[in-house]
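Take a look at these structures.
Both of the next two complexes hold subunit A, though its partner changes from subunit B to subunit C.
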Partner chain A sequence: MKRKFRPLELLLLTIALSSAAADKALNVMTTIPDLADIAREIGGHAITVESIVSGTDDIHAVSVRPSLVAKLARADAVIEIGLDLEHSFLPSLVEAANNPKLKREGRIVVSEGMIPKDVPTVISRAEGEQHPEGNPHMNVGPDSGKRFAKNICARLCELAPGNESLFKANLKTYLAKVADKEKEWKAKGAKLKGVKFVTYHPDFVYFSDYFGMESVGTLEPKPGIPPSASHTAQIITRLKEINGTKLILREPQYSDALPTAIAAQTGAKVVKIAIMVDGLPEAKTWIGMIDANLEAIIKALE
Partner chain B sequence: MTVRRRFLCFSVLLACAFGCCTAEDVAAQLKAMQAQIKKMNHSLDMQSKTIAEQKRLIDDQRKDLETMRGTSPGSQPVIDDILKKFDVLEEKIDDRTAQAIKIASRKKPGDLNMAIGAAVDTSFGYTSVRAGDYDRPAGADFRMRGAELVFSMDVDPFFKSYLVVNASGDGENNDEATLSVEEAAIYTTSLSHVTVKGGRFFAPFGRLSSIHDHDLPFTTRPRSLDTYVGAESGGDGVQVQALIPIQHFLQITGGAFNKLGGEFPLLNATGQHRDGSEMTFFLKALTSFDYCNDHTVELGASAIEVPSDRIHRDLTNVEVTYKWHPKIGSALKEKLIVGAELMRNCVRTQFEVDAGPPRVLSADRRTGYGGYAYAEYFHTRHWSMGARADFFQNVDPTLASTRTDQTYTAFATYKFSEFSRLRIEASRHEYFNGRQGNEFLIQWTAFWGAHAHDFNGR
Partner chain C sequence: MNSFFEILSPSFVLRNSLYSSLLIGAAVPPVGVFLVLGRRSILALTLPHVSTLGVALVVWLGSFAGVQFASGEGGGSFFAWALLGSLVAMAAALGWQWLLEKRLNSSAESESGAIYAVAAAATLALAASRRVTELGLLDRLKGEILAVPNTLLMLQATGFAVAMLTIFVFARPFQFLMFDRTLCYSSGLPADLLQAMMTALIAGMIALGGLCAGPLTVFAFLILPPLACLPFVKSVRTLYWLSAATGAVCAFAGFWASYAWEEWNLPIPAAQILLLGCVWCAGRCVAVRTRCVKQR
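Up next is the complex of A and B:
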């Protein structure tokens, strides 16, 4: 006797098998929007992503909202830069969320395996609000995206092995895209070599070192310490001694009053930069942020 | 590298905290540590330079091949193949580097460091008239408000524990500072959505009762909280806190204690039998709402009760906190916080009048209302200023007054960094005994050691 429901059985079997093979979408939180962008590129439809911080937040003084606790309580993973960058908000939120996953397999630190710059030799609060393991603002470095993407891919594969082929295929596509952009950045950024600049906070070293720019100092005398009159006078003196173009790179998190005043006295140009995705209107993605910063600086040099 | 350095730093801090080292020993150890760090940094620098040099060689080869490809189209497939191999080689260098760094950064068993932090909180003040319930004099007064040491550590995969010891100048004891254990608790870390805590700790009654004095947004604790709760809401007991597993933030906390604060007393401390009704019970619900990520409103309701027949007390509280923290535009460095708590205090007590054999003379039930509201505006990350209004009604049946105690306060804070601040506060008091007074305070606070941002202190 013919079995009437064979097609239905086959359909149900197929659905069951495909459900077993493919994990449900991972719920991923990231600390900064750059990591959310890269995670979306790698994770595709297999993950949902949200960033805790927005592109214009001061990462050292993030306002902790209880609603973030509820989101982290349901998350499968949280992606962070590490190196103490997120110390002002992430540990307290993770503790309040009480999600065991985020304390173990669900914690993804993208700076793993990367050599940090500016590792302090003297650990002391007298040196300001130090990051003892090195400068954590790695996301602004044009060569950081590749390592972030690889680390995110490796960990997503562990968390959702059923989607490993998707993650790896997306990683390959993204790495190829970044490789093409790197060629473009190197070509465009050649004119940045030797350009002297100041920033408010030491958060641009990974970008400036990549292009061979030279930092003259920061408006903060030490990290996290507000500018003083004597230190500002020193910066003005240093800028006045520079022949040629000099730049004051202004992060959106800090006031523009002081950079504007210094620029008026020294002839330096103030350039708005982003230190996170969405820090500038054009910086909608991580690649877009590098593009936007590069364009802004090149425009100031012209 | 950095893990070992951190372990060495905390070892030195711990030794100093317990007075095990002389200043010269510490200086010598620090010097040796600095030399070691320099050596390790030099080694890493050399490795980075070698890697960078290898990559530069690959880049040079790549450029030569690109040039050859342009001049010799016939050899293009061979050149393309070589270029692909260079890409693979560069990727292998990156991966090998990453592995080496991971191995170097691996934590060793000796790195199970406990977090140690401290706070030193001092003030100078002048008060024209003091209410009868303070242990400080009127007039000029320097005060060591608190020297606090905090230790915390993951005990194992299931629990975390912390200890807070505090000493402050005692006006009734020649300003000597007596060390006391303010908090010592163990809590779970492995239960999903639920935390169980036991020991001595502050129950999260309202918004500010569980905040340590030096962490308050102002110098003095609102008199309504001081009088109704009795300083911080600390006690020995057990508490269960649950984050309800829904999309919206909703947190429920319940606990049982021997006592809470100074106003929910320890009944039958040395008596024959403590009835369950003579314990202090606590319950709280907290939720929050966001609007456009720039505005947050938190709403909470809490209650403390001692259900005993002999001394029945219940204190209920509603709290609201509004935060404006703009994300874009010229105002993005600014912040505004507005907070308020309103309490209903209901006390029924039997009290004795004569000094003879204790006998119940009267039973009285008093109900009073109290609370405060404040606003603090943060002009920048370093500067803030605010104002507070505070009131409460008397519920002490031994006092005849039916007046309302009122305080009006203005304060301003400057943070030199995340770890030190200076605050000035000026208050006008109208006490319920009919007296009035002015108070002026300068507070200077410093934090050192391990630095943790607590969710309660948000």
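Up next is the complex of A and C:
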């Protein structure tokens, strides 16, 4: 006997089939949009990705919301930078989500195997908000993307062995794209060598070291400690002593009032930079972020 | 002592911050006298928070319209809009409170407290919104006394001069209003107009002070100097000037402490408020002792 499907049955069947298809895709959460972008490049259609913080958030002060707990409870994996970058929100979120996957194989730390800069020799609360394993803002470094991509690919292959060939093919394409870009960045960034700059927080080290820029200091006297009168006066004096171009690189999560006031006294130029993807309108991808920062600084130098 | 003479130098790199601190220290406490003597201190807590809500609302609404507020020397648009938002929010809150007091005969204190709770929560919610974190809204709400541009300093100086002049001219009618509203009516004074003037004065000072130093600092300078000076004065006029002098001295000393004690990384507002707190404690101790002696 031939059975006819009624519209309601067809609708239910469609929903069931589509949810089954979605179930196959790995549900991945990342801490920052940079990792979401790289994971998307590697995972392609085999994963769904969402970032916990946005590009303009202060990564050191993310407020934990119930909606994030629900998302992490459903996730198959969470990708983080590590080195204590996400210490203000990730441990409590993972604990609250009570998702056993995220406590074992689903926890992907992309900084594994990389050498961090600024590892403190003395660990003390008096030194501000220290990261004992080193400066964790690796995502702004133009040479970090390749390593992040490789680490993400390796762990995604373990989590979804059925899609291994897809992940590896995507990784190959992405690495080639980054290698091409690196050549371009090195050529363009030659102008940045020796350029003196100030940032609010020590979050631009991996970018500045790559291009040979020289940090004059940070507006924060110590990481996480708001600018004080004496320290601000010292920064102004140091900037005044510099002949030639000097830049105040402003991260989007901090107010522009202090950089603008200092610039007015010292003749420095204020440049808005992204320290995460979406931190600037042009920084839509990780590669786009490096491009945007490089362009912004070169434009200021011209 | 080097740092003391350094900050007095006209070429001192943070001179705008110092001048702004001194202006707040000298001009805000006399306005606080109205609140302390009129027993409306909770309004001093509520209004700065309503003012910051106004600033947050302006930035938040501006983000929907795609407005990027520029601050500093390059453009005063942020300060103009922030001042407007702050004044409108305070006018709305005061209007609402006045309506509730008149129509429901409720207590001003409880309504002020309720407005404070709602304003503080709304500000937190707006500050956490992803649309505005980009603009460093949290820094702005905390107050950025280290980054006072010339435009804002001039605006502050003009506003505070007008306020001081108003207090000087209308000192006596304001006293009638504070202590006995009926006496004000019977003396033929326009009580409602005077009340509106006093409220505008308080709101204006809070808006201007809050933009530079943040709500906590303004609240402290409104309440602590008049309270500390109260036991030592015999007339309201003396209380105005003594609280202004105390505020200015604490503002200067707090700034100096913050600048000189480098290793402490003391924020300027915290240093100033702690000093005011010491003066207040001393003043209250003297008041308690005087009362004990009189009772004996």
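One rule holds in what follows: the second predicted complex is superposed on the first by the 279 of 302 C-alpha atoms of A that agree within 3 Å, B and C clash if a C-alpha of one lies under 4 Å from a C-alpha of the other, contacts with A are read in each partner's own complex, and residues count from 1 in each chain.
Keep this in mind: contacts are C-beta pairs under 8 Å (C-beta built on N, C-alpha and C of every residue); 3 or more make two chains touch, one makes a residue touch a chain.
What you are looking at is a predicted structure, and each value in this text was computed from that prediction instead of being measured.
With both complexes brought onto subunit A, simultaneous placement of subunit B and subunit C is prevented by a clash. In the superposition on chain A, contact of A:123 is made with subunit B only, not with subunit C.
Once the two complexes are overlaid on the shared chain, A:257 sits against subunit C while remaining clear of subunit B. Once the two complexes are laid over each other on the shared chain, residue contacts for A:115 go to subunit B alone; subunit C is not touched. Considering which of subunit B and subunit C touches more of subunit A, the answer is B. In the superposed pair of complexes, A:288 makes contact with neither subunit B nor subunit C.
Look at A:236: by the touch rule set out above, it reaches subunit C but stays clear of subunit B.
In the superposition on chain A, contact is made by A:54 with both subunit B and subunit C. With both structures placed on the common chain, the touch criterion links A:162 to neither subunit B nor subunit C. Within the superposed three-chain model, A:44 lies out of touch with both subunit B and subunit C [touch as defined at top]. Of the two partner chains, both subunit B and subunit C are touched by A:225. Mapped onto the common chain A, subunit B and subunit C collide along 332-340, the only clashing stretch among 8-16, 278-286, 332-340 or 350-358. Subunit A uses residues 54, 56-58, 63, 225-226, 252-255 to touch subunit B in one structure and subunit C in the other. If you check the complex, the residues on subunit C that touch subunit A are 3, 13-14, 16-17, 70-74, 128, 130, 133-140, 142, 144, 146-149, 255, 258-262, 265-268. Residues 54, 56-58, 63, 221-222, 225-233, 236-237, 252-258, 260-265 of subunit A are the ones touching subunit C in the complex. On the subunit A side of its complex with subunit B, the touching residues are 54, 56-58, 60-61, 63-67, 69-70, 73-74, 87-89, 91-93, 95-100, 103, 112-115, 119, 121-123, 125, 128-129, 132-134, 146-147, 150, 179, 224-226, 252-255.
Those residues of subunit B that touch subunit A in the complex are listed here as 1-2, 5-6, 9, 34, 37-38, 41, 44, 47-48, 87, 94, 97-99, 101-102, 105, 189-195, 243, 245-251, 286-290, 293, 296, 298, 323, 325, 327-328, 332-333, 335, 380-382, 416-419, 448, 451-455, 458.
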